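The following pair of complexes shares a single chain, chain A, combined with chain B in the former and chain C in the latter.
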Partner chain A sequence: MDPIILQATKSTPAVHFDAQSSILKISGESYPENALAFYTPLKQWIQQFLGELQGSTVLQLHLTYLNTSSTRFMLMLLDQFEDAFKAGKSVEVCWYYHPDDDRSYEAGDEFREDLTVPFEILATTEPLGEEDR
Partner chain B sequence: MNQSMALLKEEFMQEGILMCFNGPFSHEIIEELGSAIKKHLASEQLAHAALMDLFAIFIEQTQNVRNYTMQIPVYNQEPAKLQSAIVLIGKQGNKYWVHSGNYIANEDLPSLTARLDQLNSLGKDELRRLYKTQLRQEMPPTSTGAGLGLIDMARRMSEPFAYTSERIDDNYSFFSVRVIV
Partner chain C sequence: MTTLTSQDPQTEALILAQDMLDDPVNVDNPLRPIVQQLINSIQALERRLDKISVISDHYHAQLKSANERLEEAAHRDLLTGLSNRRDMIKRLTNEMNRVQQTGQTLTILLVDVDHFKQVNDTFGHLVGDQVLADIADMMRSILRTSDLCARWGGEEFLLLLPDTDSSNAKKIAERLRQIIMNHAFTGKDFSFSLTISIGGASSQPAQRLEDIIQAADTMLYQAKKLGRNSVQFV
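Moving on to the complex of A and B:
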């Protein structure tokens, strides 16, 4: 599978999806003009990745702002992990937020409420996308 | 012109207007103004959550206006005029606000004002439940997603939506709404 590596822009987050190293990371702000166009390739990539997954994987999210249409699409990606988890795959979600950023914590918490997939919310002072794992 | 500029500035000062954009809302303009809000307010003594609420309200409001005006029904007015909108960001006491104005087809007005009235009547817990329900609903293909955006703004605002509409002719009105963080 070809990786997806996208640099962040003002209104789209950085994306680092690499099947070989099993890194899936989205970080930044998301309020694109066309959320459907931005998120559809990510959804398709995840679908294939989770379908072929043998080991375990973590979806790492460090999102400081999601507009409402991005929130819809993020939920769609999280549902893919939820379905994989229910199908017995070893997957989890890690949501990072800056300790001063209450709104980012709350956004993660609202996603977590409706999911059963392991979902960790971690405070980090690392810059966007630079969390250690 | 110098004279009237001074008057305009004086009026802005009195109204607490910090930023203003008048014209068609392109995605780039929304991005630039959004960045300007964050930079300008970073120097103010403002809690990060309040800053993000202001930014989020600005983004949802301007994207709603952009989505609507891009597909506004065209009758007797020039599309360029109909697509031109206005947004003000200001401060009143210690509260920040976003105030937008745009043309609206008269037939679209009742459903919008009914929606705003409904949201104004709900408490934060009800808004939270409504948001979660709406988030899970499939969007009709023609939807611009404005429904969820209004709920998100309502969850973040500290006072009810304050809206006005001025009838222009049989087809259009000019609609404005102020959202106070």
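Moving on to the complex of A and C:
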């Protein structure tokens, strides 16, 4: 599986999906002009990745801003992890937020609410996926 | 009479579908599982929509407060936290409009730190910056809530005193001069005192804003010429 490595832009987050190292990170702000076009390849990649997954994986998210359509797609990605978890796969979600950013914490808490997949919310001052930039 | 359509189409459809399931006639209807599934998926979609709204609201609130902070910062002088010149001009213009409507008197004070260049030359710019920030704090401490103070230039400040005639403004200016004069600016390896000069002008009927500021500036020049550490009014 080819990795997806995207640098953050003004309106799209950095993405680091690497099947080999089982690292999945999305970080930054998301308000793409066309959220469908941005998130569809990510959704398809995750679909295949989770289908083939033998070991374990953690989806790491550090999202400082999501517009409405990005929120919708983020819920879809989380659904994929929820389904994989329910199918017995070893998957987790980690939601990072800056300690000064209450809103981002609350958003993470909302995302977690209806899920059974292990979902940690962690404060961090370190930007996630700095090595990708 | 207005007809109140109480339900949106999908809520109406949900009610109809539920009625159909509840109707004893349909007990053995082979469509039951499909209708039930449709009801479930519409309800799931509604929950999803609610969730998206809640999360979006969090982020929008965050964006809004960030914008407000930016907006606020655009009006401030970074070093002193006072209004900047641009903001003061806006406030002065508004206040002048009010003066013309109400006939109240406003007073403008121009304040300049005496021999400020010597502070920079002797102790360095960092100390100079600290001095300006300290003076700004002292100004804030004596101002009334309706007064406004701005960093007008390098070491020059403009105080806008609405609804204040020159005799009251003089008392404020004199108090400020004394507070600064009696203050010791101290750091790790220095301690010194400073003075300020103040020029004041109160609005006259039909006077333009530029003319009041110009008059205050002339008085400030006068205060400097008279040996500094002084308050001069038109």
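By our rule, the second predicted complex is superposed on the first by the 128 of 133 C-alpha atoms of A that agree within 3 Å, B and C clash if a C-alpha of one lies under 4 Å from a C-alpha of the other, contacts with A are read in each partner's own complex, and residues count from 1 in each chain.
We take it that a residue touches a chain if its C-beta (ideal position, glycine included) is under 8 Å from a C-beta of that chain, and two chains touch if they have at least 3 such contacts.
Computed from a prediction, not measured in an experiment: that's the story for all the values here.
J.: By the touch definition at the top of the document, which applies to A:S22: first (chain B), second (chain C), both, or neither?
T.: So A:S22 meets neither chain B nor chain C here.
J.: With both complexes overlaid on chain A, does A:R72 touch chain B (first), chain C (second), both or neither?
T.: Touch status of A:R72: both partners.
J.: If we overlay the two complexes on their shared chain A, which of chain B and chain C does A:S11 touch? Say first, second, both or neither.
T.: Touch status of A:S11: first partner only.
J.: Check the residue A:D100 against both partner chains and state whether it touches chain B (first), chain C (second), both, or neither.
T.: In the superposed model, A:D100 contacts chain B only, not chain C.
J.: Looking at A:T124, would you say it contacts chain B, chain C, both, or neither? Reply first, second, both or neither.
T.: In the superposed model, A:T124 contacts neither chain B nor chain C.
J.: When the two structures are overlaid on chain A, which partner does A:E110 contact: first (chain B), second (chain C), both, or neither?
T.: both
J.: Where on chain A do the contacts with chain B and the contacts with chain C coincide?
T.: Chain A residues touching both partners: 65, 67-68, 71-72, 75, 101, 103-104, 110, 114.
J.: Considering the complex alone, what residue numbers of chain C touch chain A?
T.: Residues in contact with chain A: 47-48, 51-52, 54-56, 58-59, 61-63.
J.: Can you name the residues of chain A that touch chain C in the complex?
T.: Within the complex, chain A touches chain C at residues 65-68, 71-72, 75, 101, 103-104, 106-107, 110-111, 113-114.
J.: Sort out for me which residues of chain A touch chain B in the complex.
T.: The touching residues are 10-11, 31, 33, 64-65, 67-69, 71-72, 75, 100-104, 110, 114.
J.: Show me the residue ranges of chain B that touch chain A in the complex, using the header's touch definition.
T.: Listed in rising order, the residues are 27, 30-31, 34-35, 48-49, 52-53, 55-56, 59-60, 63, 132, 135-136, 139, 145, 148-149, 151-152.
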